[in-house]
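Presented below is the structure to which this report refers.
Letters A, B, C and D mark the chains as written, and numbering starts fresh at 1 in each.
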Amino acid sequence: MRFFSDNAAAAHPKVMEAISAANRLDTAYDGDGWSKRLDGAFSDLFETQVRALWTTTGTAANCLALAALCPPYRAILCHRDAHIEVDEAGAPGFFTGGAKLVLLDGEGAKVTPGTVAAACDRIRSDVHQVQPAAISITNATEYGLVYRAAEVAALGDLARQRGLKLHMDGARFANALATTGEKSSDVTWRAGVDALSFGFVKNGGLNAECLVLFDTTLSGEIEVRRKQAGHLQSKGRFLAAQILALLENDLWLDNARAANAAARSLAEAAPARLVYPVEANEIFLRATPEEAASLRKQGFDFYDWGPDEIRLVTSWDQQGEAIGQFAAAIAAL
Amino acid sequence: MRFFSDNAAAAHPKVMEAISAANRLDTAYDGDGWSKRLDGAFSDLFETQVRALWTTTGTAANCLALAALCPPYRAILCHRDAHIEVDEAGAPGFFTGGAKLVLLDGEGAKVTPGTVAAACDRIRSDVHQVQPAAISITNATEYGLVYRAAEVAALGDLARQRGLKLHMDGARFANALATTGEKSSDVTWRAGVDALSFGFVKNGGLNAECLVLFDTTLSGEIEVRRKQAGHLQSKGRFLAAQILALLENDLWLDNARAANAAARSLAEAAPARLVYPVEANEIFLRATPEEAASLRKQGFDFYDWGPDEIRLVTSWDQQGEAIGQFAAAIAAL
Amino acid sequence: MRFFSDNAAAAHPKVMEAISAANRLDTAYDGDGWSKRLDGAFSDLFETQVRALWTTTGTAANCLALAALCPPYRAILCHRDAHIEVDEAGAPGFFTGGAKLVLLDGEGAKVTPGTVAAACDRIRSDVHQVQPAAISITNATEYGLVYRAAEVAALGDLARQRGLKLHMDGARFANALATTGEKSSDVTWRAGVDALSFGFVKNGGLNAECLVLFDTTLSGEIEVRRKQAGHLQSKGRFLAAQILALLENDLWLDNARAANAAARSLAEAAPARLVYPVEANEIFLRATPEEAASLRKQGFDFYDWGPDEIRLVTSWDQQGEAIGQFAAAIAAL
Amino acid sequence: MRFFSDNAAAAHPKVMEAISAANRLDTAYDGDGWSKRLDGAFSDLFETQVRALWTTTGTAANCLALAALCPPYRAILCHRDAHIEVDEAGAPGFFTGGAKLVLLDGEGAKVTPGTVAAACDRIRSDVHQVQPAAISITNATEYGLVYRAAEVAALGDLARQRGLKLHMDGARFANALATTGEKSSDVTWRAGVDALSFGFVKNGGLNAECLVLFDTTLSGEIEVRRKQAGHLQSKGRFLAAQILALLENDLWLDNARAANAAARSLAEAAPARLVYPVEANEIFLRATPEEAASLRKQGFDFYDWGPDEIRLVTSWDQQGEAIGQFAAAIAAL
């Protein structure tokens, strides 16, 4: 059984059905009936007027937003372990045309007002040093921690004071909300978030992500940038249909709850081994190479995460017996 | 009935089946079983060792190739009506970081050795003028004309003499080959093509295109650029599966033959109205605004293409009776 | 005697004196006493509040302005023979991060409201085609023609209507004004110009050009871009001092008048040979290769400009006897 | 007396003379007699065939080199306090089109094989993480420390093993060599350096720096990039003449020795206050705000460098009595 990442899991049957149902001629690009429903669907969910643009990768969603939030000669503040810094092949530099990432420290890949303020204060306000333009945070973080609405609001307040924009990489936004039970509006625009990369691929989607713009003045620019970056698919209805299927009846939340529950089961099997509290669907465990090898011999696959540490990620379709067996194997180490 | 573009048609049932069959956990990105079969499948088709990288749009395939073929301070020669110039929102400039398109004239969007050579000769060889690095041609062209292998080879020879790379935008490559009956190898690498954007979306695919690299030394760079541009999907198997389904039993050629046949039917209905010979699946007709309105009133939709001209595009699934009715309506104008 | 270009002439003695006078310790970059006087000096000249930033090349002045006036995904309208298109090695693409130049036709490299409007009208207003953001004109043009204030104002009006910014490449701005006798304010901001690259190097300067911003809201961004592009010299006083010396007592106008007068003398020697009216300091003459060779044999150097055409450029220090001899040689052809 | 930076000092009289001597018509750009002598002069100095290209700023020299050494999708390893990271407004990102700086720790802004190797080893070799392409070191460092030839050679060896290029920012290269007495060839190409930004502005120049390419295959690309970035001045002879004047009779070394001697005098006045050994012409001293204020009251100006630390920089023309007075003032604190 594979616990490498939720990004390779199967698509949910409802998503597959929606794709089939969309398989008829319609207007190209995002002029079709499905794509046109996105704004309304997300505006309902977020209780405010938003613009919602499909993309096919989180990297595209993140970096299209960042390019609109930060000019080529300014900087984006993010955690040292942020996906945009570590795992996107330098996409922020490419999309922005040279903007800089200023890296912040913080437990579990979390950004705090303190680290942001300190980083800003270290930058002399002149033309020689790159001035910050935006903050980007990941929720849930790369280490599976979750921002509460109040935490984001504190960052949002600081952003406003400092004249910075606020972006949220929500590759696992569903997992975060499934844990906190907070409203999606409270942890985003009410807390000062300007743009959210709302992830669906890791949560039952096939290849659709959604960039949700709370600052709707950005949408004109980002629509053009999406096209210019080769991300405007001609049969966009197949992307929109996936997203709508996941939004319907809160399937996205159900999927995330299932993945989170699986993660909790694994975490509870070995609480003393946890490197971070398990707040979403990622588990970081202390395990010697021998222990890791033993688990693999039993048929469980996952990534090593530095020496004596392993990372497990659960997905929406990993439930029941198999999780129980893995939990037992971990407990038995 | 809609004849706006083949890029909004339904996906072929075999493609849908293949997507369903791929809906199980596998390695992420392009490490899955389907993606790994692409190189072999295209190497067989082209009778030489190639690298084949899926993308989701033709713009991405085109511009990833161009970025590897042309540095930021040089130029790409292409037709004035080339898709990369006219309809990709400046993507070549963005992907290359500033390279220039030098525009060529030519009947039916066709590039010839003569126009290329003349354009090169107009450029002084110094640091003040932008020196050419590559030629990009579209086959079939934006006006539905087709390059024969010998025509491409003449361009390829010139490219070699002038130290230029040669890219082919094959958004309708299938339609071109369905017409000429030539071998795909003869019209590409044997004729000097370094990279081909092989289109599937307009020909029965859902959202998969393929960048085929005959110069396989480019593949390392392009794989990184694909990731950096946000085009490396995590569930790449769904793209590879589409492509493999279309390659199997030459479904791609069957689809293109069907679209071409539909186009020929329409063309034969009004040969005197043709602006260009119909060699693929696009028909450009002279028609007054009143005539266009009359066709629309009968339920046929299409684009106006300048004053007194309309463009019809047929697709793989437009056959039989409906085409006959449209042909009759055109003939009756 | 060399008539290749005014860009290689000697610097004026007053400029050399000013450089010497600036050779003492002062604050670095543009914090020195000379640099700080620029805004005031140009505000006086232009009868409005401007920001004036030195650069060392016209390419830098042009492209820093264009990068601030046009985002990476839009276009700049300019003449097909504009220096930014033909002789700056693709600098606009590099500085803007991929913006496109849309090329206009027009006699003597002149842009008119008609050609601008027609070009705009050809661009579909959607995300597939690159939307225009700015117009750039050169005054005097690359063929030595001069825009009158009314002509610029007509372009400025159109720019405003279409939501476009207006940039003037004034590499030979002095020569233009020396001819028209118009006020520098009338041909710039009063006519709708947002930014002017005010050339000094071709007119007695050593290596200082000046970017004059009438839209002073651009200055923050351009100051940062100037630094990021490596154009913020640490001993900026040496640049500012040159410019101030040329502004003092209208030396810039005197120099331009001298160059223009020399050009007129040459033009009057062979009025029938003129390709364009001589309105500044460039003369384009019809001359066979044999005639060109004959002039060269007599010691006069210049560029060929296509077959049977030569270009002569006069500079501020080419006066008197030598010009008379050259004029006689031309007349004697 | 001002000790802010050597970058605002006066130009050396020999430099001023050379500029005056160059004030006559010659071929434009770098086709003049002075510019053409640069390759030879530097080839003699470095005892190997080099290409030497003038620029007007160190930022331009650094970033033109880096753009040729590192593609847009790879990374440059440098010290966290490197000038390219801290004080060039993000120029490396702009010139390379998005390449990343990977930051290294190390005492006194020095890079070592250990920190380079460790940074490389942390980067997974895949398309998700940005792969390194080059190392950039500053000699003398931003804290006034000097690399010996053997230290550079150790970095050069590592670079070769790892497939990395090696760039040296030599804004104070002269000060470094004046201290070590080593040969300029030994600390550069013999140690594996591919490109050197050889600083003259801080060492008696007016506004000329020189990019010296030991890997001469880079020169074609960099000449074009220099033009595209607006750094090809039309009267290049004025830059070349400055550089030649400083090379003549080792004036560059004499100037550096003078600045270094002044720095040593100040350092010796308060050895216990030194934050770093003084190996070039920068002195970092521990001093309370009150002590700093006291020095300023006596007429000495300098930068604060964090709390309880000040930075003094001496220049080629700060000698004799004034230095003695400052040294006495420091000693008396």
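We take it that a contact is a pair of C-beta atoms (placed from the backbone, for glycine too) under 8 Å apart; a residue touches a chain by one contact, two chains touch by 3 or more.
Please read all numbers here as calculations on a predicted model, not as lab measurements.
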Neighbouring chains shared between chain A and chain B, ordered by label: C, D
Pair exhibiting more inter-chain C-beta contacts, A-D or A-C: A-D
Identity of the chain that, by mean CA position, is farthest from chain C: A
Chain centre separation (chain C, chain D; CA means) in Å: 34
Centroid spacing, where centroids are CA-atom means, of chain A and chain C in whole angstrom: 50
Between chain D and chain A, distance of the C-alpha-averaged centres to the nearest whole Å: 42
For chain B, residues contacting two or more additional chains: 72-74, 88-90, 94, 97-98, 127-128, 224, 227-228, 232
In the complex, chain C residues that touch chain A: 71-73, 97-98, 127-128, 131, 221, 223-228, 232
List of chain A residues in touch with chain D within their complex: 72-75, 86-90, 93-94, 96-101, 127-130
Contacting residues of chain D [partner chain C, same complex]: 2, 4-5, 7-11, 16, 19-20, 23-28, 32, 55-57, 59-60, 63-64, 88-91, 94-95, 97, 201-202, 206-207, 224, 227-235, 238-239
